[in-house]
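Note that the chains are named A, B, C, D, E and F in the order they appear, and that numbering of residues resets to 1 at the start of each chain.
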Amino acid sequence: MNRNTVTGASLALLGGAALLIAGPALAQAAATVAAATPPAPVPNKGDTSWMLVSTALVLMMSVPGLALFYGGLVRTKNMLSVLTQVFMIVAIVSLLWVTYGYSMAFTSGGTGPLAPFVGSFDKLFLKGVTSDSVAATFSNGVVIPEYVYVAFQMTFACITPALIIGAFAERVKFSALMVFMVLWVTVVYFPIAHMVWYWPGPDALKATPTDVGKAFSWGVLDFAGGTVVHINAGIAGLVGCLIIGKRTGHGKEAMPPHSLVMTMIGASLLWVGWFGFNAGSNLESNGVTGVAFLNTFVATSAAAVSWVLVEHLAKGKPSLLGGVTGAVAGLVAVTPASGYAGPMGSIVLGLLVSPVCYFFCTFVKDKFKYDDALDVFGVHCIGGIVGAILTGVLAAPALGGQGILDYTVIPAVLPKTPYDYVGQVITQCKGVLLTLAWSGIGSAILFVLVDKTMGLRPTIDAEREGLDITEHGERAYNY
Amino acid sequence: MKLIIAVIKPFKLDEVREALTTVGVQGMTVSEVKGFGRQKGQTEIYRGAEYTTNMVPKLKLEIVVDDAVAAQVIEMIQQTAHTGSIGDGKIFTLEVTGAVRIRTGETNETAL
Amino acid sequence: MNRNTVTGASLALLGGAALLIAGPALAQAAATVAAATPPAPVPNKGDTSWMLVSTALVLMMSVPGLALFYGGLVRTKNMLSVLTQVFMIVAIVSLLWVTYGYSMAFTSGGTGPLAPFVGSFDKLFLKGVTSDSVAATFSNGVVIPEYVYVAFQMTFACITPALIIGAFAERVKFSALMVFMVLWVTVVYFPIAHMVWYWPGPDALKATPTDVGKAFSWGVLDFAGGTVVHINAGIAGLVGCLIIGKRTGHGKEAMPPHSLVMTMIGASLLWVGWFGFNAGSNLESNGVTGVAFLNTFVATSAAAVSWVLVEHLAKGKPSLLGGVTGAVAGLVAVTPASGYAGPMGSIVLGLLVSPVCYFFCTFVKDKFKYDDALDVFGVHCIGGIVGAILTGVLAAPALGGQGILDYTVIPAVLPKTPYDYVGQVITQCKGVLLTLAWSGIGSAILFVLVDKTMGLRPTIDAEREGLDITEHGERAYNY
Amino acid sequence: MNRNTVTGASLALLGGAALLIAGPALAQAAATVAAATPPAPVPNKGDTSWMLVSTALVLMMSVPGLALFYGGLVRTKNMLSVLTQVFMIVAIVSLLWVTYGYSMAFTSGGTGPLAPFVGSFDKLFLKGVTSDSVAATFSNGVVIPEYVYVAFQMTFACITPALIIGAFAERVKFSALMVFMVLWVTVVYFPIAHMVWYWPGPDALKATPTDVGKAFSWGVLDFAGGTVVHINAGIAGLVGCLIIGKRTGHGKEAMPPHSLVMTMIGASLLWVGWFGFNAGSNLESNGVTGVAFLNTFVATSAAAVSWVLVEHLAKGKPSLLGGVTGAVAGLVAVTPASGYAGPMGSIVLGLLVSPVCYFFCTFVKDKFKYDDALDVFGVHCIGGIVGAILTGVLAAPALGGQGILDYTVIPAVLPKTPYDYVGQVITQCKGVLLTLAWSGIGSAILFVLVDKTMGLRPTIDAEREGLDITEHGERAYNY
Amino acid sequence: MKLIIAVIKPFKLDEVREALTTVGVQGMTVSEVKGFGRQKGQTEIYRGAEYTTNMVPKLKLEIVVDDAVAAQVIEMIQQTAHTGSIGDGKIFTLEVTGAVRIRTGETNETAL
Amino acid sequence: MKLIIAVIKPFKLDEVREALTTVGVQGMTVSEVKGFGRQKGQTEIYRGAEYTTNMVPKLKLEIVVDDAVAAQVIEMIQQTAHTGSIGDGKIFTLEVTGAVRIRTGETNETAL
């Protein structure tokens, strides 16, 4: 989902495949063709199938996945508020995406000073996108239908803002939140997606090497959204819970999760859906997709296990909430690394991320006394940072990683030069800081703006009564 | 008549009920309650947030009986609900001045 | 899923693709071949993969999707009755489908007077279907394994009757209902599927232009089942709730949904699964599948938003139930349009359908005092009608639609003649009326028949006690 | 997933396809190639897509599917213990799989005496597996990326041990159980998977006919895991519940399922996910995958119907639990047969399996008074046996089955000799007995071992209080 | 004052409540309870395991009223909660020695 | 002894309980109830169907205390459960004629 460093190999492979399938007679023919202007590539139906499925899987991550994961952790009286917020954020953002978001994120910004930060309005209302237009992948000569690419990317734009709400769950006004989200995706998400992921594709890059997003130009690796999605949402959540303030009764009243069953269902669907998120981010269906898939699986398992172990040592009991929280932390951490690392590297990543997140969700949170209700910062921002930085290490072929492909040659190849650990880690840190700064500052401004104008927080009585009934006029359960 | 209120450990219900039928108790009303007392609740931990509730799940039995059998009923409950460990619960007795069976309109003892 | 008006384009594309891949040497060869008898087409594995997935997705719509969406809306004491009804309807109908349903719906009726209304019994027990036999798609020369087509269509036959039960939920006898459903799919669903969707395929149509279903011969457009599934089930539901009568206590006792959480999970799974329903109805995996997918997504979002807005204005509070009901209304409306409209047209469709359905679910229902418990008529029939009619408008290329392909030439092409709005809308209305009439009358007869013989309604005491315990001997929850 | 007896046909088909696509010019070229050394096969992206999806589907079967199916059946106080056990088993086993399990199960054991029972450690830590390495399917010349194969098989290793826990639910210590599972997959699952499924693939078999697992060498047919997964887990469960003993209060206190809603959701997700399990086991995406998919659907439906009917006759009321239990029994039974039988044979199989399982879950269990809490033995072991044995019958072409392919010729073909019913059924029985013996004895030893060292059972007070709070320090619901 | 405890069939609640307001009852407290008595519960069957619970879901109303209206209230409940079938429930009366309205601190009759 | 029945707003529970321990109350039994009174419930709307329930969630505390401390306990509850807004709840007092501790068989005051 950013310059994929691997699929060149499989491209070569596929290229070869084509020849083999076609046999000698065709071989030279093909050669001839290549020599002449190469034919416009057409989508492979296998890739298209996989991307359609991946898109559906990522939607499933938001609804019902994330909604349940979060909803189960709040008190009964606020269950519906969480479900409604997630559901409506997905609905609203998807409309913004097709109207102007896709254009802002995934068109060239031209040559102006803003070009590295945001795209153009050329594809407003999806102008020019047809059932025949195609989008580039990370392999030379491999494309997918643009409509599919639009839909796939849309699901990322939908889930990111939804992740934020967990930080200030149980104490925010629905209408004000929706307004905030419209502004937030416009000012924060679409630009960051452009900075990290926009490029003209493997075949065009050589011709227009500067037509790429800011972070992309630095060489930041983010396969599926460690920075764009998780660090971005995580820091926005922290800022939000600081500005909105603690829940009434926080620290005094017990606020146990009202249904860990829902949380477990949500976490499981997140795990299943995340394969679309990470392996889908390869944009085609090949061996690299396979390793991204496997990495996503084992990093999650490793993180679930290590969280439960840490907890076991610290508190004496392994819990379901610990297991599923660890799993999510693992999924977050492996997101930027999924297409770069190898399975063993991913396991190490998973084992490492949980203790760090655990530390933030318990000690740090207690110490600084912020009420990040559902640990959006502790799990998504911190987990994302751990993953983003370690991606710079785990991508190394020496560590079983897939290496970083050189797209200045066509077809792209792995460079002969040894892998630069230090350099890449520094690059990764730059990407992290850019995201933290842009999202942190942008979110702060927007939260204050909306708070001053509409007010973000319901009355204490309404909060006490519960947002389900006061904001939405419903009760979650009438057993 | 007497209203006997017994707070017992949930898993003891069947035993107590069967015992009471043997002494002719024909009905009772049971509610799920949370008990607060000497017995301490289990500690719950959610992502490091610890809650030790002193509220323990109990069952409250309300039984209205003829004065004659009250003592026997109380004793029977005390014996069957007994485990000897903290939290076995209590039995309280109150005076009932009237009873009506809704179905028939019968009153007092005959209503039980 | 009926004469797809688009994929000709992509066919051309693919045709082209084939040539390009094969290169010049092959080009003329292919040409030669084409000139001679064309080779029997074989399935593309990418298409097969997508159709397998789509089939699984549509099953997921029924169980657990629809079952939960409906179940959450009833009272606790009737939860299991809804789940059991949906689950067993799916089981029973799938057995009927492979034994005779598929044959009735998707074989030629020959030349007799009944041919336009129902197929033959040539494929009773799937006679002649093998792992090598194939089914046509909407692109010339593109086929999928027939077993996959049988399974995909089966899931549509399974969910349609399950949709009906919501109209008279909480007050029907299980055994009688099952008998009714066996009759209903036989007399109503299989024939309507034949009338709207049966055709010999793009390659054969030219040779046997009259070998098509009634509505199909009129040129009715129904990409994924607006008429066959939703209007059909919706009107049957209305008829059912009128014949069975209101729930005891209706209007007097409060009957709030017992778990909006289950309803939200159900709605979300319906949304996710519906991509298989709509995009899967393209029967292959290409750019048109992509636009059908995207349309399905944004129409749903638009309808969720507009329902919440209407509700906000009318009642002052945006609710979760409103959001998810709107989403379902949007999914229903976009079903017939999904492969014909464009994304912007789909958004308009979504914005329009919710207010109309809202009006029927509130004012109309109150006014005429029928107890359509879960708004099967208000959402599915009305939403289906709105979608079916507007499909006639939104298919217009001028409105970003995909146009209507001319299959009298091979490969099919878009006709030069301007798009006939009036004509197509009239055609669409004819399709709607045919469905309303056939299903409305057929259902009425069958409901009365079963009621007179077995009795559809449980005793008032049983109803009061709850169907879970009286009909099934179970309780949904024992917390 | 063991020597597929079908796809030769489709291979021929595909071979043909290639030729047809390529046209005459290429035809002979291809021929030439074939004459010379055949080119190394490359994965088809359609196959890869389907296998990626199937893998995700099988994970969904475990979490949340199986976890909910089981969890809903226990009492509230033990809900989380079930969810945690399933979730963590999946996590732990997946780590073992990539470290040594895959190597033990799916590498050649060489020529030593152990070779037929277990593989080597050649692929420890997935050594040698890259994004370019491929795994064989059941069609000559058709391969998939090895990473995808590793991931797909991993999900089978994850769900099998999770199936076991149902037999002794509500009365086992978490930590001890996890230790048991690590030992169990190592000593029981990995070897059995090797015995039944290991073979060098269709292209290599001819050269090294003896390099196969024990049961495989006998010719045991198990398409997707009737023996390896269900009989294996089922007998282990029985042994476990006998060694661990009955639940405190069993037979005295009422122990109704705490949420049949969760059980229904779980069963539905199992059904949906099982398509990945069974149809995915074909390892490619073709017509045979289609029939495996359809078989999986209708066998399930038939079993759901027949369970409800039996129950109706025996107890007077058709129940949801009956319907979903029957569905699972059908899924279990069709697992070994899915790629061999035809749809009608699968329906018969489904109709037969439920009465048998019902008999074991009621009469037999009551008679022998073992406390198989969630009927792991009654449904999975018995259902698996019924399926495994009848597979020997239903595979017969005369009964609409797919026949057993002869891989000694390349490409593989259906043998001319008539189908040997008796011989194959005997072979199937040998496979069943081998599994029962290996797993029964192995499990017994391990259960006793862990019980003696760590103790498998919590204190009676802890059991009474509920495992959620005593083992995990959480409550499932705080409404 | 009197505490009137009425155990009734759940679906009768609205009827009873409306009736009581007509005789000036301004408040009551309702709990979900399980009743054990002559009325037998439904049989539940799970995979052949049968449970016949003798516990029937009921609602318990607690109403504190002025002595003057007690009789009338009881009669009103008896009439409106009545269906004539087993399990209609009971009405018990107890003596209340004091009442306080938390909001205002008012006591006894004025607190109701 | 006295049985003190207090109906309070749910979120006040912890406060009240802590307050009571200070005056030596060692135990109580709590049930979730629905209260009907002056305070009106919130309106719920489902697809346009409106329900205004007059049933408000409350907690009912049952506390048996020695006559000596009864007055003090009541006052303490009245103060801590008080918010001043409608729906704060009530405190009722009844006479208890006997108490037994199931665990030990101790009776009356010593059983509390």
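In this text, a residue touches a chain if its C-beta (ideal position, glycine included) is under 8 Å from a C-beta of that chain, and two chains touch if they have at least 3 such contacts.
Just so we're clear, the structure is a prediction, and the values are computed from it rather than from any experiment.
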Inset, instruction - Would you mind naming the chains that touch chain A and likewise touch chain E? - result: B, C, D, F
Inset, instruction - Compute the shortest path length in steps from chain A to chain B over the network of touching chains. - result: 1
Legend entry - Type of chain C:chain D copy interface by residue overlap (half), same or different: different
Legend entry - Winner on C-beta contact pairs when B-D is weighed against C-F: C-F
Legend entry - Rounded Å distance, chain C centre to chain E centre (Cα mean): 50
Legend entry - Inter-centroid spacing, chain C versus chain A (mean Cα positions, whole Å): 33
Inset, instruction - List the centre-to-centre spacing of chain B and chain C in whole Å, with centres computed as mean CA coordinates. - result: 55
Legend entry - chain A, residues touching no fewer than two other chains: 22, 25-26, 44-47, 49-50, 53, 256-257, 265, 315, 317, 319, 321, 473-475, 477, 479
Legend entry - Two or more partner chains touched - positions in chain B: 31, 44-46, 94-95
Inset, instruction - Report the complete set of touching chain pairs. - result: A-B, A-C, A-D, A-F, B-D, B-E, B-F, C-D, C-E, C-F, D-E, E-F
Legend entry - In the complex with chain A, residue positions of chain C that touch it: 6, 9-10, 13-14, 16-17, 20-26, 44-47, 49-50, 53, 57, 75-76, 256-261, 264-265, 267-269, 271-272, 275-276, 279, 284-291, 293-294, 297-298, 300-302, 304-305, 308, 315-321, 323-324, 327, 343-344, 347, 402, 477, 479
Legend entry - Touch list for chain A against partner chain F, complex: 249, 252-253, 464-465, 469-470, 473-475
Inset, instruction - Note which residues of chain C are touching chain D in the complex, please. - result: 18, 22, 25-26, 29-30, 32-33, 39-40, 42-50, 52-53, 55-56, 59-60, 63-64, 67-68, 71, 79-80, 83-84, 87-88, 90-92, 94-95, 98, 125-126, 130-133, 145-148, 150-151, 154, 174-175, 262, 265, 471-479
Inset, instruction - Using the touch definition up top, name the residues of chain E that touch chain B in the complex. - result: 2, 5-8, 31-38, 54-55, 58, 60, 74, 77-78, 81-95
Legend entry - chain C partner contacts - residues on chain F that touch it in the complex: 44-51, 53
